[in-house]
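Letters A, B, C, D, E and F mark the chains in the order given here, with residues in each chain numbered from 1 onward.
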Amino acid sequence: MGGTIAKMHDEGWRIGVLDLTTGEPTPHGSETIRRQETDLATAALGLTWRGNAGLINRSLEPTLEARKLLASYFRMLRPRWLFAPYWSDAHPDHVAATQLIEAARFWSKLSKTDMPGERYHPERIYYYFCIHLRLAVQPDWIVDISDQWSRKKSSIEAYASQFVAGRPTEPPTLIDRLRDDAAYWGRLIDRHYGEPFATKEPLAIRSLRDLF
Amino acid sequence: MGGTIAKMHDEGWRIGVLDLTTGEPTPHGSETIRRQETDLATAALGLTWRGNAGLINRSLEPTLEARKLLASYFRMLRPRWLFAPYWSDAHPDHVAATQLIEAARFWSKLSKTDMPGERYHPERIYYYFCIHLRLAVQPDWIVDISDQWSRKKSSIEAYASQFVAGRPTEPPTLIDRLRDDAAYWGRLIDRHYGEPFATKEPLAIRSLRDLF
Amino acid sequence: MGGTIAKMHDEGWRIGVLDLTTGEPTPHGSETIRRQETDLATAALGLTWRGNAGLINRSLEPTLEARKLLASYFRMLRPRWLFAPYWSDAHPDHVAATQLIEAARFWSKLSKTDMPGERYHPERIYYYFCIHLRLAVQPDWIVDISDQWSRKKSSIEAYASQFVAGRPTEPPTLIDRLRDDAAYWGRLIDRHYGEPFATKEPLAIRSLRDLF
Amino acid sequence: MGGTIAKMHDEGWRIGVLDLTTGEPTPHGSETIRRQETDLATAALGLTWRGNAGLINRSLEPTLEARKLLASYFRMLRPRWLFAPYWSDAHPDHVAATQLIEAARFWSKLSKTDMPGERYHPERIYYYFCIHLRLAVQPDWIVDISDQWSRKKSSIEAYASQFVAGRPTEPPTLIDRLRDDAAYWGRLIDRHYGEPFATKEPLAIRSLRDLF
Amino acid sequence: MGGTIAKMHDEGWRIGVLDLTTGEPTPHGSETIRRQETDLATAALGLTWRGNAGLINRSLEPTLEARKLLASYFRMLRPRWLFAPYWSDAHPDHVAATQLIEAARFWSKLSKTDMPGERYHPERIYYYFCIHLRLAVQPDWIVDISDQWSRKKSSIEAYASQFVAGRPTEPPTLIDRLRDDAAYWGRLIDRHYGEPFATKEPLAIRSLRDLF
Amino acid sequence: MGGTIAKMHDEGWRIGVLDLTTGEPTPHGSETIRRQETDLATAALGLTWRGNAGLINRSLEPTLEARKLLASYFRMLRPRWLFAPYWSDAHPDHVAATQLIEAARFWSKLSKTDMPGERYHPERIYYYFCIHLRLAVQPDWIVDISDQWSRKKSSIEAYASQFVAGRPTEPPTLIDRLRDDAAYWGRLIDRHYGEPFATKEPLAIRSLRDLF
């Protein structure tokens, strides 16, 4: 959802990303490399804040301990909205991440607890599409990211160890594939590039001026 | 969808309503009464334009002639968006109206035709909930109409021959029921009153600033 | 689902409620207060039996131990049907409770086990709507609780520490909101008040005489 | 839905069947044969009333004229409920029949009309499964027809020109297939035989005593 | 679905296309131009047969007359399968075409009729995606057309009056967009290009050897 | 899915079955009996390989340890496809098994791990129907197993301790019920017997020659 992040940045929102794990080990990465790549991506998107929860990659589980850790972040950072991976996925860490985020959102508002910070309830959870299952689910809404695509692309290419190294260099490369995706979503809204989102609850809308 | 109309009016949109029929005969109404009621409702909502297509109430059918008539209106009025009744309904006129609107939207952009005006394609169709079937479908989005509820109520009460005359006066009256509905939708977005909408296509969103 | 409980009580059913936890801590409650409130609610609904499984509030998890505990209750109490929270919810305890109830129902029929009681299989699980997610899912069936609404209301107000204390007193209060909900569901069945239920399996029906 | 008809008959309901057409021509039938078969089936099910609307088989269309005819029947017969074919089907007459029944139900309550009888609104439409598309849609409810299966079978075999003549006599015959179906639905409710129904609106339930 | 047509051609299937109308008038086409373009596309795909039913473009309606015409074609041509446009669309001719094809398939098997040919029932209807609504429905199956994409592209470009003339020449052109689409579907099956299909009935499968 | 296994065997596929547990204890079985029954079933279906993962029956949980064990099997056995129980079920072991299989499929492709074997990614997961919930979900595809039904029946009867011992001997027996099911699915594809499957991803199809 890098395009939407870049767009919100342009509009003056304060946006943070909390990486749940280091993402390592991977075939071509290392803890050091990933930190550097993360810094590059953070710069490309113009993030206000970036943190890492220190949970263990490949072994993410929706435990009470991890829930507490995430809820503590929410109480300290007080995000208005949360964005989580789409709830159906082949990647068990994605599925666990979404379950954790949903549960931690609820815990974040608890009183009489030893969690740091004050009671706080993020207003919404929206779901972005980084789905490893080859689903073609219809999103609830698509954001026009035509002006942000190049920054989104940069933020992905920043993770060269993941998306470039050791991968086929003949087209369509993985980056080409992501461009195809963004173009597919863009076509559905009559724009060059789009980014899809889902929501379990009906969208709450203050004004229709930003629908098009 | 009177609450949303009132809200858009406040924001400076130009909004027109095209009645497809006179709505008559009804048990307590007449052509004259309905015209007066329509004028009252138009004033209550602050409509920019109101017209009547002159199709026959109770007998609406998705014919080519009616499609042409509607498409001609679209070419002359050039609305950016269309709002149609939700597509599943017990009222055959509602079902036919939606089919007509969907087809006329397509015809509106035809060239080499004897329809008046220039080619024109309304960008979107959204669907409001005036469903005679007792469905409880989840809407795609809900508009906060807390500040517009009283005007929506006035616009409904304007049609006294339909919603007041001959109906039980003990609570819950029909107006009470509509208030219950608006409160139900409002509760789903943490506001006093809401108005639900559906869309077949993913929503196209320019900015997230009006989501809440 | 207090309205349906009160209605079943009137019809001579024997109805038990097994609280999974004490529900504490909460901002305005205590173990003592909740016990008193529970007694009040039990009396308001006319329950045959009420128990507490002693699981830990806020930390409910679908463990084998909790499953065994619940299955043991089922084997001892031998309920014909089970009612569980709707399966999609923002409250992690609700989600865990439903998973536990579904799994314990299966375990309840096991032989060659050290669980107390005899093999027993509750015939059905139905799902009631106490959903913290702002979903608007269509229920499978709605029970007319027009004559039971006042008792349902009493059973909710019994939990003053949860639904009254510290909450806004200006309308719509939380109780007003629940009334709006019951009225919304009632309107869908042409009655004053209704209570919605869902089922994963098709309903099994012996006679149509109680459909209306 | 013959099993449910037979069951309702046993419970004392008054049940009518309005054939929309003669069903002819067919390969092995004739108007005369079908009338005789219809009489046999009527007797097998114990119908209170049976009529024929005289619409044209193979050419059923949801016209205003046919709608008026059906609505007139509804006003004269005043059925509490309507049962229509499931709404998605490969048979165009089935699809048209359902559209007609839905629209005529609405028209039936019109005032200021030249239709015979008084305003009347059938309370519900339920949908039975006689689907020519090979769908496997989950029904909303299944009626136990174990005790009525033999009468249902008789009522089907009454139409020998349709279900026996010229068909393969080796098992599974068409009747065997229908038995397989009834057994499949029965298994889903732990009974010998069942009959599936769908509804667009949530079921309205007065008491749970007939769920099992 | 040109890629799948080309693939079936390579496998030795006999494939016919029945155009329902001439497709004219259009902004840049004419009857003559379209005939030439149709011949080009027919050659590009290697069709066994191509015909035109002579129905009226823009005014397609699911009438009994058109149904009879189509059913007559089916009885004469005896296609094993039918392919129709996806059932939900913004283009009223597409919607009508699908309704016609579904109904005509049923009529095709009628006896005692004055339609030409013998009774015949096409075994299946599958639905291809040429959807003018901006839907993102998940297809039931995707065919690998990586080796057929260039021929599909040629068959589309053959209709220069529709897809090239008067359209923006800067990328993404309409052809680029169609390539993006094919790439999107291809990515979902780990191939370069794919073509999506839907079915209302479960797929009937003889062997799993062609799944991958 | 024994019918499909037998069919694939006939076509020369190499098919393995990994039992996750011994399935014991059960009312009439024992570890010894089940081993013998398993051997009988293996022979009836013509399996290439059969193993047992040694997880604990009744207590299956989607733990990281069990995930690792399964992923190790996948790396060693390198199956092209995986078949798992349908994802919604009343049997908690079935639900856990499916979660484990989905997660282990992902883990199977990890590098930098102490799991045995090489990185490997099973291409697809398909879901068979052994659902203890009385669902009637529409499958995505149905395999014709008319010629394999007797072998499927034998492979089920091989487990006499589960499907015969202690069960009612009057028809419909459990085996009769399974035959009814196979006949129901067969009727949906115009064959004697069928076997249903579901998929979360669109089916990837190389050629249409095996659809019918």
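In this text, contacts are C-beta pairs under 8 Å (C-beta built on N, C-alpha and C of every residue); 3 or more make two chains touch, one makes a residue touch a chain.
All of these numbers come straight from a predicted model, not from anything done at the bench.
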Query: Chains shared as neighbours by subunit B and subunit E?
result: A, D
Field: Any chain that touches subunit F and subunit C
entry: A, D
Message: Please identify the chain with the largest separation between its CA centroid and the CA centroid of subunit E.
response: C
- request: Answer with same or different: of all residue numbers used at the interface between subunit A and subunit F, are over half used by both copies?
  value: different
Query: Hey, which one of B-E, C-D or A-E is the same interface as B-D, over half the contact pairs lining up?
result: B-E
- request: Would you identify the chain whose Cα-based centre sits farthest away from the centre of subunit B?
  value: F
- request: Please work out which of C-D and D-F is bridged by more C-beta pairs in contact, and write that pair.
  value: C-D
- request: Using mean C-alpha positions as chain centres, tell me how far subunit B is from subunit C in Å, no decimals.
  value: 39
Field: Rounded Å distance between subunit A and subunit D, as computed from the means of their C-alpha atoms
entry: 52
Subunit E-subunit F separation of Cα centroids, rounded to whole Å: 37
- request: Would you mind listing the residues of subunit D that make contact with two or more other chains?
  value: 134-136, 138-139, 188-190, 196, 201-202
Pairs of chains satisfying the touch condition: A-B, A-C, A-E, A-F, B-C, B-D, B-E, C-D, C-F, D-E, D-F, E-F
- request: Provide the residue numbers of subunit A that touch subunit F in the complex, in ascending order.
  value: 25-27, 58-59, 61, 88, 90-92, 95, 132-136
Field: Residue ranges of subunit C in contact with subunit D within the complex
entry: 4, 7-8, 11, 123-124, 138-144, 188-191, 194, 196, 201-212
- request: Sort out for me which residues of subunit E touch subunit D in the complex.
  value: 64, 67, 102-103, 105-107, 110-112, 200-202
Message: Quick check: in the complex, which residue numbers of subunit D touch subunit F?
response: 134-139, 172, 177, 180-181, 183-184, 187-190, 192, 196
